[in-house]
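In the part that follows, the structures are each spelled out as structure tokens.
What follows is chain A paired twice: with chain B in the first complex and chain C in the second.
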Partner chain A sequence: MGQLNMYWTFTKKAFLRSSVYRFEVWSRTGSNLIFLVMWGSIWTALYAGKEEAAGVSFTAMLTYIVVSKFLDGVNEAGTPLWDIQEKVRTGDISLELMRPFDVPLRYLFADFGSVAFYMLTALLPIYFLLFLFMDLTLPTDGFTWIYFILSAFLGFLIRYCVEMTFGLLTFFLVETGGIEDIFYFAMSLLSGSVIPLWFFPGWLETIALYLPFQSIFFLPISIFIGEINGSQIFTSLGIQFFWLVVCYLILRLVWNRASHKVVVQGG
Partner chain B sequence: MSIIEVNGLHKEFLIAKRETGVMGAIKSLFKREFTKKEAVKDISFSIEKGEMVGYIGPNGAGKSTTIKMLTGILVPSAGEVTVNGIIPYENRQANAKNIGVVFGQRTQLWWDLPTIESFELLKAIYRVPDKRYKENMAIFQEILGLDEFINTPVRQLSLGQRMRADIAASLLHDPPILFLDEPTIGLDVVAKEKMRTFIQEINREKQVTVILTTHDMEDIEKLCQRMVLIDHGQKVYDGEILAVKERFGKMRTLVVDLEETSKQLYVTGGALVKQEGYRYWIRFNRDEISASDLITQISQTHNIKDLTVEEPVIESIISRIYQEGFTEQHETVHI
Partner chain C sequence: MAVVKYINLYFKLIGAGVRAQLQYRFAFIMRIIGMLTAYTGTAVTMWVMLYQFQTLGDWNFYEMLFLLALAIVSWGFCIILFFHFRSLDTYILNGTFDRFLVRPINPFFHFMAMKFEVSSLGQFIFSVVVLAWVSVELQIDWTFTKALFLIGAIIGGVLIQGGLLVIISALAFWTTKSEQFYWVAMYPARNLTYYPLMIYPKLLQWVTAFVIPFGFVNYFPSTVILEKETPFFPDAIGYFSPVVGLLFFILSYFIWMQGLKRYKSTGS
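So, the complex of A and B:
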């Protein structure tokens, strides 16, 4: 109980800290919306007035992009990859080994705070207005909403584990450019964040389906727009849960190796 | 058992050799060569509750490495450490609750939070009860003057303010043991003095056991009765500071400026340790020859323009030990 209380304090402090960086909130929101407009226009052009493509209506596709950019905003409010890398390089993370808490867990709880702040002050109001004024499809029943939120949350946790793991690899690498490329490629393409998996060529779709990244964007958004429905929803949630466990275990493994390296080799 | 026990402590680092050039980089993908660096070699000491010990040595001697092993963020290559009955690296989190740590070189506060928020976070991390928190904060406010900058983000603090915040933060959870790695580095004279007073006070009032590393011998002289001196990872001295002074304190240095036309100076009873132009540094043992005898001797053959006799402060004693090792200086070498 006391443990949870301690981690919760990280959430509260991160929430407060976010309010100091008001400019960052604005610039992040700005770029989020620019990308939304960009991808919205690209998809409008690609549909070229057609009602439907690959069995998905234009409205559903537009909704897909809008929800995707919303989730993008949520996920980007967490500690970004470059920041984790920086904290590894400066030894900030190594020094935190001296504290009576679990480091990956503390960063997760701090991220909850930053995300909550960003959602309350920017994302929710803006996307509420977007849904109000744009012609988009909303889930009609409450259960879909609940499954979507659950699925998006699982996606958030998976993204957290993946990003943290990639960041911690900095402990073992002199040159991290390759890691960054893989991470951003997976996050933008394999996750289905800008192109839904059903538009992928068969081989790429197969690859993407067997990787954890689709859990971050593709699955929750598909639930939202009703492309995944009925019992498929539970299959999707099951897949996400499976990947969360796997990614968490990998994060633990990498973290153990990293902290082992710190305490044996001095970082 | 003593509150801190260190026995036959070793730490070696493996440093990967960086190859140069493209071929080197490719080669290192397959086979990395390592060089061994022994940072700490066979160090033992034990420290009793309430003691304040100066842990000193030249750059790269292995001080910070030792401190890190005491905090548990470094595992010894060999030897034993116990801190308050706990083996730090085996039980890092339990150890963390018993110790306060300040690394003067870097802050452990959260960089972008206002100072007060960092304290509140630490309060939650160490589960400091409200009452203790308030009492401790009141003491820190009073002695360290934290209220001046309590709402400023840590990154905007001056070095002296940051150091004050850091030491207060390290003591928030009332640890019985405090490790201070260069707590006065970069501070001005006044700030140093304040810091020393504070350390002295918490040691006296709360019986906090302190290990202090520093390059400022005044810190040691003002705060510690005992010092452990290490060099190249090995212990060269462990004992009272007074004893060192006694032992080396007999040595004096006579500095004379001679007339510009003088011929080379030769003295008996003292050792010429340095010469710059017509200024000579002559070291002598007070028990063997008096300063006035030396001066008389010199003035018989040379014209003295100016002279001073330097008494060794702990500073110069230590720097001589760094340079020449810990052997008693009896030289009456005649140059």
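So, the complex of A and C:
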């Protein structure tokens, strides 16, 4: 219990710290909305007035993009990849190793705080208005909402584990040029954040289905717009849970290796 | 002979900068690989997008690649010359900006010559390969005038994007922030130009044509070279790209100098 209280403190501190950086909130919201307009326009132009494509209605597709940009905002409010890399490069992370807490967990709980602040002050009000004034579809029953929130939360945790793992690779490779670009590419395309997997060529869809990235955007949003329904929902949640366990174990493994490496280098 | 003196000085200053960067050869190569991966990722995303739909607006995959490559080639030059302007805020906050003021040369010039990013090789490899490939696929007939126009368009694109970086850096004189403005405004705006402007809401098209003239970086010139229609705009608008670039850059230079007048050292 005491443990949990300690991590909870990090959440509260991060929440309060975010409230100091107002400009951050404005700027992040600004660029989030630009990307929303961009992808909204692209999909409007791709459908070109057609009611549906590949069995998916235009309204559902537009909802897909709006929810995707919302989740984008949620996921980007946490500690970004370059920040983790910077902490490793400058050696700041070694100071954290001396303290009596688990570093990956501490960052996760801090992220909860900054995400909560960003959601309350920017994302939820803005996207509430968007859903009010745009022609979008909402889940009709309460259970879908619950499954969506659960699925999105699992996706958030998976994204956290993957991003942290990529960040920790800095311990082993001082220069990470290509690595982070692979991460960003996978995050944008293979996760289905801008193009849903059902529009992929068959072979690429198969690849994406066997990777963890689809859990971050594609699965939760598909639940939201009802493309995944009935018993499929539980299969999807099962897949996400499986990937969460795998990604968490990989993160642990890399973290153990990395923290030993610090000792060898002498910090 | 002030101009000759300045040109000589520019090459001396950047020569030192380039030698410094090449000391870290591994980092240099990794950065180029990173750039290539990132842009190839954008191209693959376009390909996947058009796999089912064939066209975006009336632009097919190769035409969109042309649009992307034109944006990236001028951005490559822009990185070399102006990319470090975005971090002017760091110089001001650390007090290291003062050294640009105590030397007997134009501070704008001195700041510009301070750094020469060599890593933009990635941009050039990507855009040259893509432009060559697309020229074959679309059977673009590269006459002398067309090639000259392409060079003019690239120069225009460099001046527009460079000008915007200069304006963003000038904001640091008033707000002591600039790097963040780059990531908020210019990074998303550059992403907008990877796709044909005609798909965006009219207001946004109007802004990118006449307020922040991003349309002249790649969209309008591409419509001229690929002989495509430009809804809402006159067909020949692309020819104005170099002029727009020059005017915009002069404007941004004046804004920067105006900001400089306001500059007070942090004294740290």
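We adopt the following convention: the second predicted complex is superposed on the first by the 266 of 267 C-alpha atoms of A that agree within 3 Å, B and C clash if a C-alpha of one lies under 4 Å from a C-alpha of the other, contacts with A are read in each partner's own complex, and residues count from 1 in each chain.
In this section, contacts are C-beta pairs under 8 Å (C-beta built on N, C-alpha and C of every residue); 3 or more make two chains touch, one makes a residue touch a chain.
Keep in mind it's a predicted model, so treat the numbers as computed, not measured.
Under the clash rule set out above, the superposition-derived model of chain A with chain B and chain C shows the two partners fitting side by side. In the overlay built on the shared chain, the residue A:5 is in contact with chain B alone; chain C does not reach it. Counting the residues of chain A that each partner touches, chain B and chain C differ, and the larger count belongs to C.
When both complexes are overlaid on chain A, the residue A:99 reaches chain B alone and has no touch with chain C.
Of the two partner chains placed around the shared chain by superposition, neither chain B nor chain C is touched by A:52. For the combined model, the angle formed at the CA centre of chain A by lines to the CA centres of chain B and chain C equals 80 degrees after rounding to the nearest 10. Using the contact criterion defined above for the overlaid structures, shared-chain residue A:184 touches chain C, although it does not reach chain B.
Residue contacts after overlaying the shared chain place A:17 against chain B, while chain C stays out of touching range. Aligning both complexes on chain A leaves chain B and chain C separated at their closest CA atoms by 6 Å. Within chain A, no residue touches chain B in one complex and chain C in the other. Across the complex, chain A is touched by residues 26-27, 29-35, 37-38, 41, 44-45, 48-49, 51-53, 56-57, 177, 180-181, 183-185, 187-189, 191-192, 195, 199-201, 204 of chain C. Contact residues of chain A toward chain B in the complex are 2, 5-6, 9-10, 13, 16-17, 20, 91, 94-95, 97-101, 262-266. Chain A meets chain C in the complex at residues 23-24, 27-28, 30-31, 34-35, 37-38, 41-42, 44-46, 53-54, 175-178, 180-182, 184-185, 188-189, 194-195, 199-201, 204. Residues of chain B touching chain A in their complex: 13-14, 65, 68, 71-75, 89, 92-94, 96-97, 101, 103, 106, 108, 110, 112-113, 117, 120-121, 124-127, 153.
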